[in-house]
Structures are given as structure tokens and as C-alpha cells.
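Naming follows writing order (A, B, C and D), and every chain is counted from residue 1.
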Amino acid sequence: MNSFGRLFRVSIFGESHGIQIGVVIDGCPPGISLEEDDLKDDFARRRAGGRGTTPRIEPDIPRIVSGVFQGKTTGAPLTIVFENTNVKSGDYGNLWDQPRPGHADFTAQKKYGAYNDPRGGGHFSGRITLGIVAAGVVAKKILGAVKVTAALIEAGGQKDIASAVEAAIESKDSIGGIIECCCTNMPIGLGEPFFDSAEALIAHMIFAVPATRGIEFGSGFAAASMKGSEHNDCIRDEQGQTITNYASGINGGITNGNDIVFRVPIKPTSSIGLPQDTYNFKEKTVSSLLIEGRHDTCIAIRIPVVIECATAIVLADLMLQERSRRI
Amino acid sequence: MNSFGRLFRVSIFGESHGIQIGVVIDGCPPGISLEEDDLKDDFARRRAGGRGTTPRIEPDIPRIVSGVFQGKTTGAPLTIVFENTNVKSGDYGNLWDQPRPGHADFTAQKKYGAYNDPRGGGHFSGRITLGIVAAGVVAKKILGAVKVTAALIEAGGQKDIASAVEAAIESKDSIGGIIECCCTNMPIGLGEPFFDSAEALIAHMIFAVPATRGIEFGSGFAAASMKGSEHNDCIRDEQGQTITNYASGINGGITNGNDIVFRVPIKPTSSIGLPQDTYNFKEKTVSSLLIEGRHDTCIAIRIPVVIECATAIVLADLMLQERSRRI
Amino acid sequence: MNSFGRLFRVSIFGESHGIQIGVVIDGCPPGISLEEDDLKDDFARRRAGGRGTTPRIEPDIPRIVSGVFQGKTTGAPLTIVFENTNVKSGDYGNLWDQPRPGHADFTAQKKYGAYNDPRGGGHFSGRITLGIVAAGVVAKKILGAVKVTAALIEAGGQKDIASAVEAAIESKDSIGGIIECCCTNMPIGLGEPFFDSAEALIAHMIFAVPATRGIEFGSGFAAASMKGSEHNDCIRDEQGQTITNYASGINGGITNGNDIVFRVPIKPTSSIGLPQDTYNFKEKTVSSLLIEGRHDTCIAIRIPVVIECATAIVLADLMLQERSRRI
Amino acid sequence: MNSFGRLFRVSIFGESHGIQIGVVIDGCPPGISLEEDDLKDDFARRRAGGRGTTPRIEPDIPRIVSGVFQGKTTGAPLTIVFENTNVKSGDYGNLWDQPRPGHADFTAQKKYGAYNDPRGGGHFSGRITLGIVAAGVVAKKILGAVKVTAALIEAGGQKDIASAVEAAIESKDSIGGIIECCCTNMPIGLGEPFFDSAEALIAHMIFAVPATRGIEFGSGFAAASMKGSEHNDCIRDEQGQTITNYASGINGGITNGNDIVFRVPIKPTSSIGLPQDTYNFKEKTVSSLLIEGRHDTCIAIRIPVVIECATAIVLADLMLQERSRRI
């Protein structure tokens, strides 16, 4: 299903070359200031344009079509849509014959049959994450003092990201990267033991973002090599602040007031400027494929704001839930 | 909430030193053979007993109390319970005064107040994962040809796990480890783009297992340093089998028929035999704490079967969902 | 929340005088033929125009903006929107001062505060049921042989509906009515005992339609005066067809293959052409209110198609669920 | 599925002659006083014993097995179970051959096949509503000042219920009845427009109670014969109290602070002491069936407390949800 959340519930819809993509947010509290202009900054961060991103720039002009009256949310479902303009769909017949490696061409065809919309990636397009960003902008307004910040900390295995990108452009290849996200000024008490642990809900949401390959919280994979005497965070004051923060601000699934810190590896863009081998279902043999057009060399550059917004959505939902608990 | 799943829905309940812990499985199809004895093998794998696990062994005797008639599931809710016998609860007052580092003592108290059941970890106890294992045994029966296998591949940073464990026992400390899980004979088409991607649902469930610090699928964190030309898996035949499997059998959130492979780091057990500093809320200062009793030196030894069963639950739910799609 | 359904999940959004109202259908199977024109007939039935309905006619032109490609559903979220054109919002300030009796003016203000959109009823408007009708048209295509038919069988207490309507128009008052809905060619096995009984899900959905005051299945309220020897339906053949059908085709929450028949009373339209007393919060006293404009004299005339579509949505969801059950 | 609720979530399980039946309540706030004895009164009301109820009396002894510590709810899942003792299951083979009219024998067999547990009605047994009553007792504690009261106001078409029951006992037949439920001291603002309207959620829950045939709120079916000028409730004071209450305390799906009043017809008990015709699948013809044993002559006598508890569950959930809304 294309929805996420219990009380602050986000549903996304649309296809890359369809008429309209968008997001419906159910359960948004009334009285939050919101206008289209509020989306501008986060949309700009997500948009292509710089080195390593596709030169094909979409306008991404949002329309708030329901749920806002006189500049404030009403409490009714909040819908934000984006018209897809100037889309030119090429001949996609060859995707059936020869699925692009790393893309969803093969799985979409198998799952949805000939009915899948293949134009520009259809519903699988990263463009659909616009809805997540839009919902995240709203969620951040619910978070109050809590700040969520994500950044690309490494690309192609290097901290000097610009040079890694240039090298990849030069070789007509693509590169991946690592995004780190930090949530500060966290309240104590969000999340539940087991299925609705704060980590479980964040991880669920993060894997909704295309191209993510993993997630680690705090000590993460390094925890496997640590001793308990090193890993246990010593509480140092009444507020529960700890000296180290290997737990990433979460114990037993519940936030402890320290920062939530997690890292997400992003795979290299699947579309590259080099010929690649893949199966040709028409010719019944592996043959070479060259994907036309211009692509993001490093899609990871555009994803931090999506991670940030996805995380804000989870935290907003947990904050609304926590409020309901006090009798 | 303590439930997970859409059509095959698992709810767990209970406390470490309470009367009964258990699991309710809603949506289990009728006609599956099931008896208490079927749980024996997976329970044995989860149970303590070997080197590096606590010498305090619980019997874990399951009773199927609803949903099975004449040895077959009926289609009604399937409930499996475990009586907690011979529990001796010590004085837990000191957990309020001085929360154990790495445990949920502090967060539980803040979230639930004085009402939290602290005895033996209460509802936060790893013992509650018995319900996940029980549900996983049932889920595996739904999976048919699909096999899910998890194993500890590293502990304390070493492949020679036994020696790592001995060293940790010697030093009265604890160590973490890495678990790898592999799902073979996978059908094509499970999962959805975005929020219900196969990775998202598996990750959600894996973080429901206490002590997990991360998850990576296929290439995982290494993907961040790879080029697209390396990372893209070349499809080699009609069935969609690929030469490499960096995608971990999932494209666009949907299984492609190749194995799902993922790795999970487990933190070192929080309870150790060494004194640790932590805040003392009564004395209003950091002071030393020595946790009494005997503990798992390497809890990661007992977790592979839990990861395996958690994964089976997700796949069973996705298989039931996929069946509903065909019109 | 503004969503309903487990596998065929419908979300509606919009306000009477907002920019766009619409519906998102999640979980619609791929391969169903659908074009805007398919909505024409059911929209015409819902539209005003005849005697007893408001002369204020809205165009209701649907746009399918996602989830359909080359005339077939794709399996991705299916979104249908309606632009609100030529809306003229009057001065709604007086709704705060003197809430209209029978309307949601008072409750909306109390629940959402000053943030509620009052223009034309805002999100409470019956116009939002356009989305239910649109989703119902899609649902009917999933139902196959099953037919759902609803009709107004009584208005203002009379079977001669036309004359009842004329009398009400004459008196500037409004009247209610009773709608009967019948589902034929039903498969056996839809629904569950208890919370997801076929009656429970249908009733839930029917009360989502504004102006409904009740629901009764089969024998309904008359059952209370019947004897078991009269009420029990005698099964007469292998297919489970019964001689009488007091059970309305449902036993133990599960469809038995006989017709589902239920009746729904609709209240008289709240807006009438006569002055009415109600509290004036500004003057702090009960005073008379005359609601301007033209209204439906008998809103029940326009509701049968909404009931029909609402029912089709529930049955489609149950049919998809039932399909998943077979192992 | 056998669960209901968003934040206060109730799951029931068990079979009439199984080992254990019970209820799991997820999302119960911590700090609520609860002991087994608190269930005594409502259980007594539900229990058989008086004229018109079966002489077969079950003990219904509850055990709180999780979620309560030192007499207070902990915030963890609250589980209450009932052992089934002294059950004697007769030969149920004949239920397959000749399904009892009015019972779920036929539908259960068709839906679950030979796997359905037929003993004493299995999971379809009214005995499973014990879990609803238990959860309702907890819910009532959340409701604070709100009182929910249900009573049988008519049986066999008569207000003199005792004489109607005696006549039915005499004739070895069974009779139905009408239950009226009233919720007083209601807060303003519970429920949502459309799918989660207060009526929709209550109706959903009420139809989870076996033997219900309908529901009407306030004016109910009489509304169909009323005029708007009669039906509209005149608000008479600042608190929104109205002179009449045809709306049953709900406008636009949202509670307005007036009492919620609804009526539910209960069908006559299906099992009667008279021979009845029904299809014999073995003999492939309609033949006579006499159901052995002793039955409730008027099951409606035992249902008011179930309706009351079911309603309390819905209101408790809505109250928790409403609390989360205030930002």
C-alpha cells in the first residue's frame, strides 16, 4: 500500500509522466500555517541542477488543493499536487524486451503485467518522492523544537565529494554515497517496545525512499565489534543525557532525549552512460544495452532532504501518538 | 502498538516475570498442520545453554490455546501461550534510582511512569520474542518452497566466534555480532514500491527484535563506494536470475526471484559483569553500578532464529497479499 | 481518518468550495478497463436536477490523474479528481454566530476551532461523496457477477414519492426517505466472525454517507418481534439457497450466497426554506434563522447511488481478502 | 480480522470448547486500576441463569495475565484470559451433514472447509464476547464522566418482557428483542466526518456482536417520515445542548455533547426446542432437524452489557484519538 502512519498518515500517488502526482496527509492537526511557498526551500534541495545531477530540471510547482483555509490547516485531509508538464514519453516498448539492470522494469512487468506504466519509470519514479518531501515540510511544523538534518557525508567512497562526482562524470559511470541524519532536541518517550520501536518505524520509512541499501543507528555495524563496557552509554544527568550516544537516542524502542543519529547508504544511480549487459527477452540471450538520455551521476546528492522529510513524518506521527497516551 | 502485518497479523504480549506471555496470529489460513512439538526445534535454537549464553534456562513450553482443531489451523485467531514458572523477582526499586546503562530502565520509567513492570525487564524482556519465534514457525509453513536461514557470521569482530566468546567470558564483558539472513527459492512479485517495499517491511520487523543496530541488504553499505557499472546486476535468464545479486533480490521494492540476503549487527549484551558508571537519580550524581546475576555474554548467539522467524512472518504476509491481487 | 478498506483502500479529500476534491484508491488490481466516461452514469444519478433536488447543478467532471495507463488500471494508486469551478462563497461569518440546526457548524467549530473551512459545508459537504461514487464505479468492475442495486423506496413516509416531494416543496420544508439496497449473485464466504463481519463493514461504510440514520439487514427491526421458528431460514439446496432470507445472506458474519438486503433511513435535508430557532452565540439567546439559497427538498433522492457505490467498495475489498485466504 | 480500534485496540480469540479464550488490549494507557474482581459485575450481567436464559452456566473466571503490575495497567498489552473447563463436546459430524438453520454451520464450513472447529459453535460462539465485555470494563475506566448504559426495552414485540419470555418457553420457541443504549455526559468533538464518523465506528462495533440485525441512532427509521422543520434539533445554550435530540448527539460524524442514543434489534435465538426443516447434504434433500440440549430462549436478555461494553471501547478509542489532535 502507498500509505504510512497511524495518526499523521501520508499517502502518495502518481507517475513520472502521468497527469498529476501528489500526496494526501490525513490526520494533520488544524491551525498549522501552510502555503505553497513553504515548500520552496526543501524542493530546491531535492531538485536537480548542480554537478552530478541530471540537467533535466522539472519545475515542481505545488498546489495545495485541500485542507488549508486562509493559510492554516483545517484538520481535514491536506492534499498537495503537482502537475506533470512538458513530459515527452519515448518508446518504452524496449523495456519489456530488455529490462534495464538495477531498475524495476523486470519486477514491475512481472507483478503488474502489461498494465504497468513504464513512461519515465511510472509510479516507481523517484519523482514520486516529491510527495514525501511535501509531507515532511508539514511534519516539521508539528515537530516544534525538534530539528531533523540530513547531509551527504561521503560519495563514491570519498569524503571529497565534488572530486568523486567529477571523476564519475568523466567515466560516464555513476556513484553511490552515505547520508547521515541527525534529530536534535528530542523529547523523551516516543516509540514503543518491539513492532513500533522508533528505530523500526524510521527504518520502515527510510526504505520507502528508492536507492537506499541499508540503515544503521548510532554504533550501527561497529556495535558488532564492540564490548558492552564500551557500548553502554553512561547517563550523566537528570535529563537522561548520556556521555556517549551509541544507542542513537533510543533504548527499548523509546527515545531517551539524546540525538537520534543514523546513516543510510545510497546505491549508485542505475542508469549510466556506459553499455551494460542484460537479458534480452525477445532475442532470448544476454546482450548489450545503452541507456539513452541524461541521468543523475550521483542520485545521493538529491536524497538528504528526502531522508530528512521521511524522518520528520515518522517523528510527527509518534509525537501525536504520545500525546494521546496521557490520561 | 504490539502488532505487525496486514493479512497475517502477529500480536505479542506478556512480561518477563508475568503470568503468561504469548502471541495471537490473526489471518492464518486454515488447514495448516500445527502442534506444540513443531515449535521445539526453533525454541531450542533460541534457548540459552551453550557457552556465551546465560546459564539461567527457561523451559519455554508452548500451549496452543486457540485456532487449532484436530492438529490443523482453523482460520480463527491462533494463540500460543507460555506460562512463566518459577520466576523470582528481586528488589527492583534500585532500577528507578539508578537505571542500568544500555537498558530501557530510564525510558520505560519516563514513558510509563511508576506503572512500568520492572521485573526481569517486564514487557521489554527479550523473552517476549518467544512469540515472534512461535509465529515464525507457523509462517514458515505458509512459505512453501521458500527457505529462510539466518546465522551468526561474526562475533566481537572475529569470524572465530568461539574464541571471541571465551575471551569475553574471561573479561566479564559482553560482545556483539553480525547475523546474516538468506531467503532462497523466492517468488517474483512480493512487495510494493515505496512504503510497503519488501526491504521496508523486513527492516521494520527486524528492528522489532531487541539489540539490533542496523540492517543492510545485498551490497549494503558497500554500495556507497561502488560504481553503477559494478552494482547493476546483469539478468542472465528468462527467470530473472542475475549474475551478481547486489540488489538482494529486490528491485523497486519488489522481489525479483533472486535470494534476499541481509545482515544485521547485534549490540553487545547490556548487562555485564563489570562495574559501570551511570547516573544515580537518588544521589543526584554519577556513581558506579554492578549488575548482579548471570547474563548472556553474547546475546547475538541466540538471535539468528528470531531474525529468521521475523523474516518469515513478513514474507508470509506478503505472499497472502500477493495472492489477493490477481483478478 | 478519511480512509476505508484493507486491500482495496479508498481515501477521500476536498472541500465544497476548495480547489479540488478527489479520491485515491490504493490496492486496485491492475488490468481493469477504466476511463472518465465510465463514471458518467453513476454521476448522473447522484447529480441534482429533478424535482426535489437543488437547482444548483455542478458539472462533476472527473479527471483520472494517476493509476491508469492506456485505458487500464496499472496497480499503482488510482486517483480521480474534480476541480471545483465557479464557486461563490458568501459570508460565512454568521455560521460561527448562529450554527444552522442539523448541520455540522457547531461540532466543526468545536473540533477544529476557527480553522474549519465553512464555505459551502467545507469538508463536511455531501459533495465529497463524489469520491465514494467514483471508487464505487471501480469497485463494481472488480465484483464481476455480483450486482449491487439501491433505490429509494419511500419518502416522507409515502410510497408515492413524487407526491410527497411536491407537498414538501409546497411547504418549503424537507423530507426524509428510506433506501433499500440489494446485492445479488453473491459468492459464499465473504466476511469474518465478529469485528470484520460483512454486516459490520457494510454498516461502517454506510454511516460514512452523510444523512444516514440507521441500517437494518434482512428482518432488521422486525426480527425483535419474531420467533426463532419463523426467523430461521431453511436451506433448500446444495448451493445454500434458503426459502426465506431473513438473515440477509449473512450467517456468523459470513456471506451464505443468498442476496444481501438492507435498508437505510435518510433524514430530511437540514437546510429548509422556513425560519428555524437556534442558539445565537453572539446574542447569547435562541433566535430565529432563515437559511438563504436553494436546497434539496429530499436529499434521499440523490443518495441511492452513493449507498450502492459504498457497498460495492466493501464487497470488492472482501473479495480481494477472500482470494488471499486459499493456501 | 479479529481486532478493532486505532489507539485502544482490542483483539479477541478463542473457541467455545477450546482451551482458552481471551482478549488482548493494545494501547491501554498506564496507571488504570484493574483487578479481576472489577469484571465481576458486568460478567454477572452477561451470564446465563435467569428465566429465558440457558441453564448451562459457565463460571467465566478471568485471569489478567499481562499488562497489569501492582494493580495498575502498565501501558504494555493487557491480556485477560478465561480457561474453558468441563466442556463436553458431543458428536458434531452431523453439523456437516445438516447445518442448523440460523447458525454459521454452513458458512463456516464453506469458508474454512473441514478445518473449522464446530464444537459448541467454535470461534463463532457468543462466548467469545466475554473478551469484548472484559475490554469494555477497562474502556469504561478511560471514559471518566461518560456513562454508557444499555437495557432490553422490548422482547417478542412486547414491553412486558417477562410474560413474553414465559410464553416463548412454553412454546419451546425463541424470541428476539430491542436493546437501547444511551451515552451521557458526552464530550464534544469525538469522531470525524465520513469513514470515521462516531456513528460509523459504533455501528461497526455493534455488528461485531452476534445476533444484531440493525442499528438506528436518535430518530432512526422514523426520520424517513419526518420533516426537516421537525427533525432539526434547536440548540438552546452555550454548551450546545439541544431541545430535541433526533441527531443522537452527533452532527457531521462528530459528537455535539448531547446524549448518544441508539437502538439495536436482536434476532430470536437460532437454536430452538422445535423441529425445523433444513437441507441435509448427505441425503440431498430437505429434512427435519431437532437440536438437542438447552438453549437461551431470549438471548437478547444477555446482550445489553455486551452492547454497552462494545460502545465503551469505541468511545475510549475516540477519546484517546481526540487527545492527540491538540497541537
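Keep in mind that, in the parts below, contacts are C-beta pairs under 8 Å (C-beta built on N, C-alpha and C of every residue); 3 or more make two chains touch, one makes a residue touch a chain.
Everything numeric here is computed off the predicted structure, so don't read it as measured data.
Set against the C-alpha centre of chain A, every other chain centre is closer than that of D. Set against one another, B-D and C-D show the most C-beta pairs in contact at C-D. If you average the Cα atoms of chain C and of chain D, the two centres end up 25 Å apart. Computed centre separation for the pair chain B/chain C is 44 angstrom, with centres defined by C-alpha atoms. Centre-to-centre spacing of chain B and chain D amounts to 37 Å, using the average Cα coordinate of each chain. Looking at chain C, one finds that residues 1-3, 6, 12, 30-31, 75-76, 111, 123, 193, 325 touch two or more other chains.
Put simply, chain D touches chain A in their complex at residues 6-7, 29-32, 75-76, 142, 193, 320-321, 323-327. If you check the complex, the residues on chain A that touch chain C are 1-3, 9, 11-15, 18-22, 24, 26-27, 30-31, 63-67, 69, 72-79, 81, 111-113, 115-117, 119, 122-123. Residue ranges on chain D touching chain C, taken from their complex, read 1-4, 6, 12, 99, 101-104, 106-108, 110-111, 123-124, 128, 154-157, 168, 171, 173-178, 188-189, 192-197, 199-201, 203-208, 210, 212-238, 240, 242, 246-247, 250-256, 263, 265-272, 274, 276-279, 281, 284, 286, 300, 325.
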